[in-house]
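Next up: some structures, all given as structure tokens.
Across the two complexes that follow, chain A remains constant while its partner is chain B and subsequently chain C.
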Partner chain A sequence: MKIKAAIDHMDLRRFRFWFQLSAFLLLVYGGRLAINLGTSLPTFSCGYNKSGTAGVCYLLPLQHQLAQPWERLFSPAGVMVLSGLGIFLLWFVALNKAWCGFICPLGTIQDWITALRKKMGIRYSTYTDEQFKKLSLIKYVFLLILIFVPLAIGGQFLSHDWGTPFCQLCPARMIIPLFNGDFSQWVIDFSSTGRMVLTALGMFITGLFLIGSFLKKRFFCFFCPMGAFHYIFSKLSIFKLKKEGDKCTVCGDCYRVCDMQIKPIADDVVSKDILMDDCILCLKCVASCPEQGALRVDILGKTVFESTKGGFVKRMGLEAKK
Partner chain B sequence: MSTELPQHQVETSQQRHIRHQGMEASGVLDTVEKGFGGNPEAMQYFYDLFRDVYCEGIKPHPDKEMIGTMCVQIPDEIIHAAGGIPVRLCNGFYTDEEVGGDFMPAKSCSLVKASLGMLKSETNPYSDGIKSIINPTTCDQKKKAAGMMREMGYQVYDMELPPVKESEEGREYWRRSVRKFTHEVGKLTGKKVTRKNLKATIKQVGQAQLTYHRLNELRKNTPIPILGKDIFMVTNAYFFDDLTRWTAATEKLCTEIEARVAEGYNAAGRRSPRIVFTGSPPVFPNLKIPLMIEQADGVIVADETCSSNRLLNDMVSVDEWFMYDMVDAIADRYLKSCTCPIFTMNDDRIRRLIELVRTFKADGVIYQAFSGCSVYEMEQRSVAKAMEKEGIPMLYIETDYSPSGTGQLSTRIEAFMESLKVRGRQK
Partner chain C sequence: MKYRSVSFMIFALLSSASFANTQLWLSDQPPDKELLKNLQQSHGGLVKIDNELYSKQLWLRKGDGLFKSATVESASGSVHLMDTQQKVSEPVMEKITNSASLQFQMPEEGFYNAYYTERSVENNRLNVTTAKAEALKHSCRLGHNYDRKLVNPNQWADAPLEVIRLRLPEEDFHTRIHSGAVLKFKVLYKNAPVSDALVKLETQKGWVNSTTSDQEGIATFQIIQDNFAADSNEEQKKPSGKPTADTKIAEANKKPEKPAEHEKHSGKHAMPLSDNFLLSVEYVVPEKGQLDGKPYQQAAYTVTMIGSYSPNAQGSSSRAQALAYSGAGFLTLGIGATLYRRRRLKPFREVGFDEN
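Presenting the complex of A and B:
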């Protein structure tokens, strides 16, 4: 009971900061200590960070595997695709989208950029409802690209120059290796049209990433195909974000602090499972809800963290001076 | 502002008004204070406060800049940060209603008429000295009252509130209103709202709210440790009392009530039905219906009104402690969870009522609508329907400030209490 209260009252901001930093160090530099977590990680632990990465983002091998000639892909040997997916799912099921909010190195970098903006006292930007609805579809477009372009290569409709298309576009490929002093990804590859288009676009997107995440909290996460991919499987996870609509006053406190501008987190008083496709399970909403038990996190059906008045008071610095 | 008359002088109309007001106030205070027995000691602060202000004519903030507010949506945090004292002008005096009747059509709301009457007669010590009034665009009557207040010579600031609160457009509209207000209120008080001040007042108001929450939480207990009439006195005092003093007094009350809970003290009768009160706001001294309920052996365990619970319920949550985020956070607090019936939808109020009945273990709901308060009158149907569906007994009462016709009302309330008791026995 005591432990539960301590968790409910924790300073989530600080906890996340240290957790994210540790995860970042592990994933970005762990390779140097010969740590190897395999190639099916459900997070942007970029494989291009060759000298440091402690495991590889699943999207890289997935695109490789899907680009195999069709006769191989659709033969018994194609089972290897499924085994990769299986391991991916094992990782994913344990933490659900908390991979985004607590582990993803690219997410962490965005949070650091946000911290810099805050230091400067500059206001964050937000999307309007309309923009939100349109933009949040982009991640599904990326997801389609990263599945169908490789398939088209395997079926010989496209050349291998278009291989691993999403990786070429992904800002993590350019940014994460920098932490190991590796600038080799900062080039436009003129060897073929496909490479040129992809790497030039990649450069552009990286620029957008840097500016965007300065202005907007978790800018890139709206567009992340990994997030979309997660969402397909999120119902399977043992890690759940739950809402008790009866206890909610629709005060909107949770929605206000949500980096991903998820409106239903406040307005939906019907759904019990309140995890939305854009959610990064950062748990800021739970921490900022003043109503006892309106929002909570369940692992295997057991509540591990829930909104409490006491926790709210503590985090808002409202405790009466004794 | 003495209530005694020099013998050789003829009483002016203003003096008569003050005398009547004092009589009205002290009559209700006597009932609240002496009519029930078992008052918590810490309530004395509040009884005295009302007596000082309404019977003795003592001004609560003699030399401070008071800013009048007309509804629950005007952000206290911002007014405090600008060095002003927010004073809620919603008024409950029948004496004032009679004066205010000149301004409004006969079939309009008692509360609006009484507030106008108070502003016109300038006899109310707690509003005396107010120059600026912030009037949110809530119901039609409040909206139109703005013009009349202007005519009386007050400086009225119309604060634009959207009629829809669910949409992002509505939210943004209101945020803009609040941002503009933050900027403008400094001109009324002569002091700019700064980041530091606003952060401090968010916390100050937050602490007052928490103290109220602590008190309210205690009402979930069976037996009930405190009567509803006392809670209305506490929340009504928040309308005009000094924030720090109010918080300290309420904290003292909490400690006392906590001790009562520990010893199993019962403030009501053995079988008193537990009531959730909703609808048009009871404002001192118009505590007619709440008092009738408790005189009829009921006990109000929770309420959903803008003069009490809604005033203090929802809290500001800030993500980045800068002006841009604090002001928006305040705006959200006053809009999104507001259950005022002027909004297009009232689902939130219904959900809230059901939740209150559940968590405060209430036996029934009493819904008061001032005749002429069309929004509460109109919502009655949907609320009644929802309560019926949930199997929660509800009594709907249409009333006004006039002292006549109370016999019939109390008979209805008594009958309702009896039916709740019978129902309780059958359960």
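Presenting the complex of A and C:
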């Protein structure tokens, strides 16, 4: 019980900072220590970070596999796609979307950029409800691109120059290798029309990422197809975010701390399973909730972290003021 | 210096003239577009994959160069195959869609060498023509912790005339040869390096260069920088720059009116051509003997080997433009957000109350 109370009262911000930093070092530099976590990681551990990556983001091999000739893809040999997906799911079910909130190196970089903005005293931006609804669809567009463009390549409707389309657009390809001193991805490739279009768009998106993350918390997570892909399988996960609507006073604290501006986390007092497609499971909502047991994290049906009055008071620094 | 360049020019002309016009080589480009459907592009060219078992199919081609060639209907020469562990077997060539073809399985990762050799005597001269192909089997699914020695070229001690491509620095199974790369080939006769063998390299775009092997049997070429900002499906532009003494833009650079056999297959939806340079080596030795009762006074050995190079990404990429594009993205959103914020700031307006 003491352990449970300690967890409920923990300084989530500090825990997350150190957890994210450790995960960042592991995924971005682990390759230098010969750590190899495979090629089905459910997070942006970028495969273009050749010298340092300890594992590869699943979206890269997925796009490669889907670009195989249809005769092969839709044959028994196509089982390899399912085996890759199976390994991805094994990783994913353990942590659900907490891969985004606690492990994703690109997410961590965005949090660091946000910390810089806070230090500089510049206020952050938010989306209006209307903007939120429209922009949150973009991740599904990216998801469709990363599935159907490779399929079109396999069907010989597009040339291989359009291969791995999302990776070409993803800012992680440019940003993460920089941490190993690799600047090689910062180029426009003019060798073909496809490469030129994709790399130019990729560079433009990288520019948007850098300033966007400065102005808006977790700017890119809003457009991330990995988040959309996660959501498809989130019901399978053993890691759940739960809400007890009858304990919620709709005070809105959880919404105010949410980097992703997810309104139902405060408004929805009916759903028990409160995980939304934009959620990154950073658990800031649980930490900021003053109501005992209104929000909680369950692993295999067992509550491991929940909102408590004591935890809220401690985290808000109200204890000292008393 | 001037004398040296003129003498080299004469030598180059003479040496290129000494090569037989018609060459024979092993290619993985099938003669029939239908056959392409069963193949897929892998590391090292086209392969057939059945239940994760890789196999390579090579076709014997004959012609004046990569542009003007056709598959050979029948092959009466000897065939040898060296596997990744350097074990040599003698597979048989088959006839598929009226073309001589060699098919072999590649169960292990690494390079397989295939050799097809023809021998004949004409005008008291023994002509030994060998077509060699290096076939790579590598699947990323098997991981990348393979023994790096497997990347090294395999050498057949009993080859009539052997040529091996020395590997690039830090070459692995993923390494591609790019235009502008410096390639080194080692020529061996009776398992020993030979100097002064004539070595010619021609590319699909018609660039031809000749040289001779040095004391260590090594011939060095720098592949021409001929990549341009053109889609691989679009017509490729001609190489630029003036031909130098040791660089001749061959007539073959002009595309033939009728497309060559494998050019027909490089349509919009076809696989990209994977063999786009042809290396040939000729070595003549005063050797006496008999073949099928025909005596000869000298022997001319020829070996050909196909290879591929692709556009140099560094040569067709721009870092300055990349920075410009990212800068454009940065500024667009930065300025846009700043203006949006300013527009939403309500200017101070004094509110007056009429207290009367």
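FYI, the second predicted complex is superposed on the first by the 319 of 322 C-alpha atoms of A that agree within 3 Å, B and C clash if a C-alpha of one lies under 4 Å from a C-alpha of the other, contacts with A are read in each partner's own complex, and residues count from 1 in each chain.
The definition used in the following text is that contacts are C-beta pairs under 8 Å (C-beta built on N, C-alpha and C of every residue); 3 or more make two chains touch, one makes a residue touch a chain.
Since the model is a prediction, treat every value here as computed from it, not as a measurement.
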- Message: Using the superposition on chain A, tell me whether chain B and chain C clash or fit.
- Response: fit
- Message: Students often get this wrong, so check: with C-alpha centres, what angle lies at chain A between chain B and chain C, to the nearest 10 degrees?
- Response: 170
- Message: So in the superposed three-chain picture, is A:288 touching just chain B, just chain C, both, or none of them (first/second/both/neither)?
- Response: first
- Tell me which partner A:253 touches in the superposition: chain B (first), chain C (second), both or neither. first
- Which of the two, chain B or chain C, is in touch with more residues of chain A? C
- Now for A:177: first (chain B), second (chain C), both, or neither, which partner does it touch? neither
- Message: Let me test your reading of the model: by the given contact rule, A:189 touches which partner, first (chain B), second (chain C), both or neither?
- Response: second
- First (chain B), second (chain C), both or neither: which does A:69 touch? second
- Message: For A:225, using the defined touch cut-off, is the partner it touches chain B, chain C, both, or neither? Pick first, second, both or neither.
- Response: neither
- Query: With the two complexes overlaid on chain A, what is the closest approach of chain B to chain C, counting only CA atoms, in Å?
  - Reply: 9
- Query: Can you list the residues on chain C that touch chain A in the complex?
  - Reply: 37-38, 40-41, 49, 51-52, 141, 227, 229-234, 269, 272, 311, 313, 316-319, 321-323, 325-334, 337, 341
- Message: Could you list, by residue number, the parts of chain A that touch chain C in their complex?
- Response: 68-69, 71-72, 76-77, 80, 125, 156-157, 159-161, 174, 183, 186-194, 196, 199-200, 203-212, 215
- Seen from chain B, its contact residues with chain A in the complex are 166-169, 203, 206-207, 210, 213, 313-320, 322, 324-325, 328-329, 332-333, 335-337, 348, 351-352, 354-355, 358
- Note on the structure: chain B partner, complex, touching residues on chain A are 118, 121, 123-124, 128-129, 245-247, 249-253, 256-257, 263, 266-267, 269, 284, 288, 290, 309, 312-313, 316-318, 320
